[in-house]
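Chain naming follows the written order as A, B, C and D, and within any one chain the residues start at number 1.
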């Protein structure tokens, strides 16, 4: 088989994804593509997103039809250099067999998510990959481990990836007994203890970034590096209206415009994403937990803990990634650490930069954690 | 008041009289005012039956609940509902017990344990079973009293409620105010077995008939029943034989009554006279004491009527409010 | 002229507070009407064709008439014709008195009374020389005997028609008379109790701490009520010429305590200070200065310290039909047999 | 955490959680425990279809089996609610409402208004609705319109286990009388449901599928028929339907319906109730009045026929609105639009 022939397949975003709907071709047949070009748009039960090209060449075949649903890894199109003969392409397409859905294989029959009991309550997490190099993904305020939908799989190339639901979030227990960065950072360390991780690269998004910083400052031996994505803790500005609105929103109507602020492209916020957040928010105790955390960390529209100074002094290896059009925490905070960090501000991305520009973020993180 | 042979303190005797007098004057006055055409809709007057409501309610506090009937003014007053608010309600005014949205047949004050007069005959019986059940769950020793007439005693809801109360041993007293007429139809005609006490027997609960025009008879019998129910002794039925001095509703020509029946009852069976004579004869109070109360009540009713007439009507927006607690 | 018999069945009887403070039974209207029908059948069997009843609005007569009409439709009716006295109905015990007086005036041969002690007392007070036959509507009472009403109807018919002579069929009864300040006498057929409670309330007696004096015409240890207290101390027969009087006190302070069934299912310790026979004819003034007077277990009168109360046992006060004697006589004389001429 | 459980289990779980959380929650109903006073086991049934099974073991005499006497115990539940309890009464089948309607519509529904805002009656009446159970004319009706018509009542009819749990918890916490309709043919349907307590606010419809061509509005069991129809339409005709599950009929989420119709210009309402004065007519009339300009075709209604529910399976299957009928109704809105 010609190694230059590269399939475009239905991606697997997140543990629960088994199929996706092809909602648009972003390139015509015959178009030249480079790595990172957006090729197709896919809608899952979680989100709409684009699939970027992993190879350079020409879009030789368009196989997937707009509006149709395909299983994960199904062949959607083919990219190959111009010099590959048509017959070879046809043979490739004819021979392509969609790998059996991993969900159905025996080792995946176990629950998709796991739970572990800690002094901070029962915490849910996901785990992918293996090896001693551990990456721990920490979501932000009001988020959950599915915020790493487009990252977990890719990052597992570098080792073992854990993503957890913080206390009061996702499907973890809805108890935040002390709404402080210290308490939340202790919860993260307790989680590492519980799953037997001595030290990890912490990747934190938004509030999760501030928690990672706190953990690195409190327990430097447990933190190998920091990746701070659209992170809190680097300056005092934060979108207070968003925080307040998010805590109070009780209906789809109220929530949707808020969630749209998280993305550069508001069209990414589909019905299911809003529903999932609503379902979380309606659970008893969530509103109280969020209100407490918001009160503790983001009182009156200001961040109460700015750790930039301490972090700079600590000399920890830090990667900072930001979405240029972040409407929650200004992208200006990206430069707070100056030369003490690697910094990249991505255009065409908002606060959920790890979702909107997943490919680039994954590259940056992989590079950072394998240093 | 040196000699008081009654099982009520002197204060309570006077309180009972004041209550009965207030009910009587309230109703007599409505009779007059209604005829003038100032009162919307229709009213059912309780005059004549005062001893029944009062004799029972003297044993109750705000934790005890009552479910009343279409003829509910007497029950309301005896249970402590504010007379000014009642009068305003009957006039359909914003200052009424129900802000003018209920009217004569729906006066309620849950804070006083008055769960509402009721335009649906017999409908209070299941409600009061629920009130009694709530008291049992809360352990507050509250008792529920449901009033109904000889007519509503034939409603299935009442009979079903008796069964429920007996089966669950609820602290409920079923009070039949038997004035002999279901609207215009006689008990004899409408009721296969004319005794309401027999209904109680059918559900294995004690039933007692008393002269409902004799405050002391009602008071003592009700007291025993209520105490028994409060202690967990179960439900009971009290039939009070009473006479209503007016028609079923105001404007009723009462041609179904025997000639002279109202006059006979007013002359010989007036619970206020009977009460006053008995208390005075025993030397527990003087006619002067009663006269003072009569004056005081008369001015209360005067004031209530004047303020009700002068009170504001509900504002138009009230039409749409309070359908739900949360919209 | 064929005999006429009166029937007084007052639906208001048997509805008092003893259903709550004790376990007194409550004989339903339908059952009482059934008793009336059985009485009537017994009367008819002895040739009584006319029965006059007290009118009431409690459904008793209505129910009885309905039952008789239902039997008539099916062709198996044998009942006297029933008429009603013209009188206003008040729905109180006063109705019984008015009816008894009227029946006595119209010369009925006998009055059958259906009810408890209270109804019998009302009728006895007004029936004059007319004999009465009692049918108990329950076991809550002391005066009327428990008996199948058909047989009472038989016996009453036999006496009313003259088939059984009065010397055989009737027996005299005592009663107790109570007067306040020499006014008209109120009577009691079984007992007069004086209690310290000076109000009538729901009438029945159950607050034993208020019991002070008890006067009984007879005292049977097999019966319940106030007279049971006396019956357990010293029984006195209905035919004995004396009664009994007792001074009572709260059980906690009395020298003697009797566990007495003062109402159905209600057994209470009653303190007794002293007792003695009550001779007939002699007015007695009670010691209690003020209180109320219960006649046959129901508070009926109150009195205060400025009033004089007197109590007197009266012999041969009224006649009742001796059902046992009548039936024995009738059987012995063959009054209820006849030869079947077809078989001769 | 979230797992797949059935509609029936979701109801049971909601009741259990609320009884645990709030001591004023009590339950009354016929056979909700089952076997009370009988010689066999306690909790013999746990409801005639086992919905309340196991709750007696946890909550004991806070579950009261009642005499077969709806008027008395529904009334008692309402009375207890007016006195501060939060009773959940089970009216086994909604068809039984005939013998206790007075207590619901003349008492519970009116207390607050009639008493000038001084009363609150937080009672929930859970009741089974709907056809398809071969239960014939008196155990199969969809009487939701009857209650929706009455001010003072809230009327809920969930279509899935997730909604059932969240709406029932909301109903129990709500201070107004709620008629909670459970479609008996949905009892075994499973979906992802959090183990925790959660609430779904009343008056918020759920858009269960998004599309641009036609709006299909439904509730209860027929939401699934509407979804089946939408799938068929998308596959066969490339017609994309917005499918709206009303979830709560009173209050009703007009905004979501209107927004959708403004987008699609076409409306089909699917209602298992009889056609006259139904949810279908209500929605159609409201849309006609408030979004007439947006309509490209006359609104269509897919309902049961104007008959009692028949017994024979062959007839009953014709009674309940089918996906095919929905597809046909959508077809009419498209055809009309083209003709115009």
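The working rule: contacts are C-beta pairs under 8 Å (C-beta built on N, C-alpha and C of every residue); 3 or more make two chains touch, one makes a residue touch a chain.
The model shown is predicted, which means the values in this text are computed figures rather than measured ones.
Between the contact lists of chain A and chain D, the overlap is empty.
Among the chains present, the centre nearest to the common Cα mean is that of D. The interface carrying the most C-beta pairs in contact is the one between chains B-D.
Relative to chain C, the most remote chain by averaged C-alpha coordinates is A.
If each chain is reduced to the centroid of its CA atoms, chain A and chain C end up 97 Å from each other. Chain B and chain D have Cα centroids separated by 40 Å. Centroids of chain A and chain B (each the mean of its C-alpha atoms) stand 70 Å apart. Between the CA-based centres of chain C and chain D the separation comes to 65 Å, rounded to the whole angstrom.
The touch graph of the protein chains shown is a line.
Each chain pair that touches appears in this list: A-D, B-C, B-D.
Those residues of chain B lying in contact with chain C across their complex are 3, 5-7, 180, 186-188, 191-195, 197-198, 200-202, 206-211, 214, 216-217, 219-221, 224-225, 228, 236, 239, 241, 278, 282-283. Across the complex, chain C meets chain B through its residues 11-12, 15-17, 19-21, 26, 28-30, 57-60, 62-63, 91-92, 197-203, 290-292, 302, 304.
Looking at the complex, you find that chain D touches chain B at residues 24, 26, 62, 64, 66-67, 69, 71-85, 87, 102-103, 106-107, 111-120, 151-152, 154, 174-176, 203, 251.
Chain D contributes residues 1-2, 162, 166, 194, 196-201, 204, 206-207, 210, 234, 238, 255 to its touches with chain A in the complex.
Every residue of chain B that touches chain D in the complex is listed here, in rising order: 65, 67, 96-102, 106, 108-111, 115-116, 118-120, 123, 125-131, 133-135, 137-138, 144, 156-157, 160-161, 163-164, 167-168, 321-327.
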